[in-house]
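By letter and in written order, the chains are A, B, C and D; residue numbering begins at 1 in each of them.
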Amino acid sequence: MKRRTREQLAARVAADINEGNYVNLGIGLPTLVANYLPKDREIFLHSENGLLGMGPAPAPGDEDPDLINASKQPVTLLTGGCYFHHGDSFTMMRGGHLDICVLGAFQVSVTGDLANWHTGGADAIPAVGGAMDLAVGAKRVFVMMEHQTKTGESKIVERCTYPLTGIGCVARVYTDLAVIDVGRDGMVVREMVEGLTFEELQRLTAAPLTHCVN
Amino acid sequence: MIDKVVHSLAMAVDDVRDGATVMIGGFGGAGMPSELIDALIAQGARDLTIVNNNAGNGEAGLAALLKARRVKKIICSFPRQTDSQVFDGLYRAGELELELVPQGNLAARIQAAGSGLGAVYTPTGFGTLLAEGKETRRIDGRDYVLEFPIHADFALIKAHRADRWGNLVYRKTARNFGPIMAAAARCTVAQVDEVVPLGELDPEAIVTPGIFVQRVVPIGGQRSPRNGAATQGHAR
Amino acid sequence: MKRRTREQLAARVAADINEGNYVNLGIGLPTLVANYLPKDREIFLHSENGLLGMGPAPAPGDEDPDLINASKQPVTLLTGGCYFHHGDSFTMMRGGHLDICVLGAFQVSVTGDLANWHTGGADAIPAVGGAMDLAVGAKRVFVMMEHQTKTGESKIVERCTYPLTGIGCVARVYTDLAVIDVGRDGMVVREMVEGLTFEELQRLTAAPLTHCVN
Amino acid sequence: MIDKVVHSLAMAVDDVRDGATVMIGGFGGAGMPSELIDALIAQGARDLTIVNNNAGNGEAGLAALLKARRVKKIICSFPRQTDSQVFDGLYRAGELELELVPQGNLAARIQAAGSGLGAVYTPTGFGTLLAEGKETRRIDGRDYVLEFPIHADFALIKAHRADRWGNLVYRKTARNFGPIMAAAARCTVAQVDEVVPLGELDPEAIVTPGIFVQRVVPIGGQRSPRNGAATQGHAR
């Protein structure tokens, strides 16, 4: 089988973002999605530190320390974008105004629970940022992650063992192996990478899947 | 390309259904979306719940909507005015339900809806008629009343300028309830004096970001003489 | 004795407003206070419909329907004033940011309860506006009112019979007869109009007063 | 005449007492009031509770305040950064109390303080470690956590321009927590790039009205090269 690279994964997520969507791309892997948004669609990127209509990284030398994204990287503002304070920004995030947020994850459970902020390790410094707000606030939560950990364990699980970010919040999971919807009917596989059989995918996944490629 | 500009008042309110909750901006006449209200009257939806600071005055606008018997209930803070005769008559006849809310609680409940809060403890109204039957709680030695969000199906508001993404700026005290209602409704329709090209509104000074606005209707026309001649909507 | 006229009462209240105070003048009688604010003090008038730094009425012909006060009368904005929405306006009012609000009243009780929004009459149309928010939110609530009703009853009472606006919220009462502080020690008379004795004032007042003119 | 401009950083933070709660604006470096933090370090107050989105990075600013052992507790959403070694060391050594708050709850609690609410039911964090031991409630089929306001004695924030009444405008994403912290503190001190004459800030575009600001300190200096040369504070 051909596992999706990080870039292919980002491109796959980007393809599901429609014209006019208001979208927050979480820190880490999801920020890559911005590079693959179709150029012919107007899509509104939100960053929780107070901007809507976020544009690409500036040309070298044009960075402005007052214009950064939630990952604290320099960005630009599109024509038509605007700035606002944290209160208004989280009104957008928590009030159901974002169509989609894309988050990374340590684990996703079969009922859509998300764990992505804390390993729970005794020595770990916990840090949550806006992850829990995005998990409960966006209309649809997309997760993008590798299907397995580096040691080969499934990140899709019956029940999360890492501390939760949100309960039953994930709508869809994009991995290097498959695209899986999460809903009342459990986890439904919509796409698999070339050369992967459903049986093999199920074997690599620690939760029951249904096969229903449209 | 996203263009939220709708060129017909009728189309802008076409899908308001019977029984809908409709927020209407404005404080007195300032910020009152008169043209959208007229379109709503023409559209014909009934059994509406209206959220507005007042309850109409004179015979036009919200008063006309009441007079046409389209409204089942009104949620407001100050229905009584010298010329609120339409409301007064219907209320006294028991033909219109009134939920009277202190103005700050009205704002807080609208904001709670927009920002996804489940409820807020507010200091206003504790120990008064308007908190009767409501849950209360003493927090740090002060008494509060539990108030729940007011969500709406539609918000009809008036702004000054908009662009095709729905970004809005207002004019003076006509801003009032517009920005908070825009965030609390499933579908916000803004009538504006003028639609300007994308990028013409200062990104530091946009008051309502387009994420809160679904439709923009340019009205043009009436502008205070102090601000130059009436302008035409760019996109008309 | 010489009862204070409405104008004299407004001037008396105005004299207690200090430079730099953020002040809301309630609808009705309190709006008169604006006319008597000392010209040599910078005082910030707030109007709940979204302006701070409210100026006087415009010259005839200069009215702007988009620039009104809470009584829906045309006003102006001082240089340095600004506009904001209702959420921010009531943050100012309810968050303890106003130094003073001046309200009219039907009744004030000896413990500072205020009744000013509703006669309670069966046929009355109730309307509250921002009165309850001001009553609980301003650092100090000043009441200005006639000492007695038109039929000669005391508006200062042991216990309000009209529906309450707020509990224990009034700091000071200005009437056509006296200036009275309300606090832990009950009602303390600070000033009386010329020719009025304390005994006469007490006789006209349906709550116990203490005399402590500084 | 009211003039909130203070020309000395030291005087601007002179009355911060031991044990005070101090909000510090900024998200990463944007909006971080570095000069005010340095002044606070020089001033010497101890046992502070600090409210900031992060917990300092590198060795300057908030990290330096932590390193000087002035902070008892920090309330923040994202302490962990690649260069948050000062916080990390103190936290692991048990010498610094951490209250970790989801960023939206942090904003909502700061806003609740500014607007006089007693508490709010927020959707964020329900069922997670960060809601353990907290009151919850199901409202309209959705679960919420009860969160209480965060009030502060001081807010130290950074804005772009101010006037002598304390009206503020910000620059790009440096706005972040400034406006909501300004409303939540008993005394708000804003360091600004520039003080402009009264009336120069557009009354439609003032972000923080002066009522929320007690002191303004012009810093001048650093400005992005894209915005022309550095300007000097008008009132210096």
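Methods note: contacts are C-beta pairs under 8 Å (C-beta built on N, C-alpha and C of every residue); 3 or more make two chains touch, one makes a residue touch a chain.
Source: prediction; values computed, not measured.
Colleague: Which contact partners do chain A and chain B have in common?
Modeller: D
Colleague: Measuring centre to centre with C-alpha atoms, which chain is farthest from chain C?
Modeller: A
Colleague: With chain centres taken as the means of their Cα atoms, state the distance from chain B to chain C in Å.
Modeller: Computed value for the inter-centroid distance: 29 Å.
Colleague: Express in whole angstrom the distance between the two chain centres, defined as the mean CA positions of chain C and chain D.
Modeller: 35
Colleague: For chain B and chain D, let me know how many angstrom lie between their CA-based centres, rounded off.
Modeller: One centre to the other, that is 33 Å.
Colleague: Can you list the chain A residues in contact with two or more other chains?
Modeller: Correct list: 77, 83-84, 87, 90, 94, 136-137.
Colleague: Among the residues of chain D, which ones contact at least 2 other chains?
Modeller: 108, 111, 115-117, 122-123, 170-172, 204, 207
Colleague: Looking only at which chains touch which, which shape fits best: line, ring, star, complete or other?
Modeller: Per interface graph, the chains form some other shape.
Colleague: Throw together a list of every chain pair that touches.
Modeller: According to the stated criterion, the contacting chain pairs are A-B, A-D, B-C, B-D, C-D.
Colleague: Which residues of chain B touch chain D in the complex?
Modeller: Of all residues in chain B, those touching chain D are 108, 112, 115-123, 137, 139-140, 142, 144, 148, 169-172, 202, 204-205, 207.
Colleague: What residues on chain C touch chain B, complex-wise?
Modeller: 47-51, 62, 64-68, 72, 77, 83-87, 89-90, 93-94, 118, 123, 125-133, 136-137, 163-167
Colleague: Can you name the residues of chain D that touch chain A in the complex?
Modeller: 27-31, 77-80, 84, 87-88, 91-92, 98, 100-105, 107-108, 110-111, 122-130, 143, 170-180, 207, 224, 226
Colleague: If we count contacts the way the header does, which residues on chain A are in touch with chain B in the complex?
Modeller: Chain A reaches chain B through residues 19-20, 22, 42, 44, 46, 52-53, 77, 79-84, 87-88, 90-92, 94-98, 136-137.
Colleague: Which residues of chain D touch chain C once you look at their complex with the stated criterion?
Modeller: 1-2, 111, 113-117, 163-165, 167, 183, 198-199, 201, 203-204, 206, 209-212
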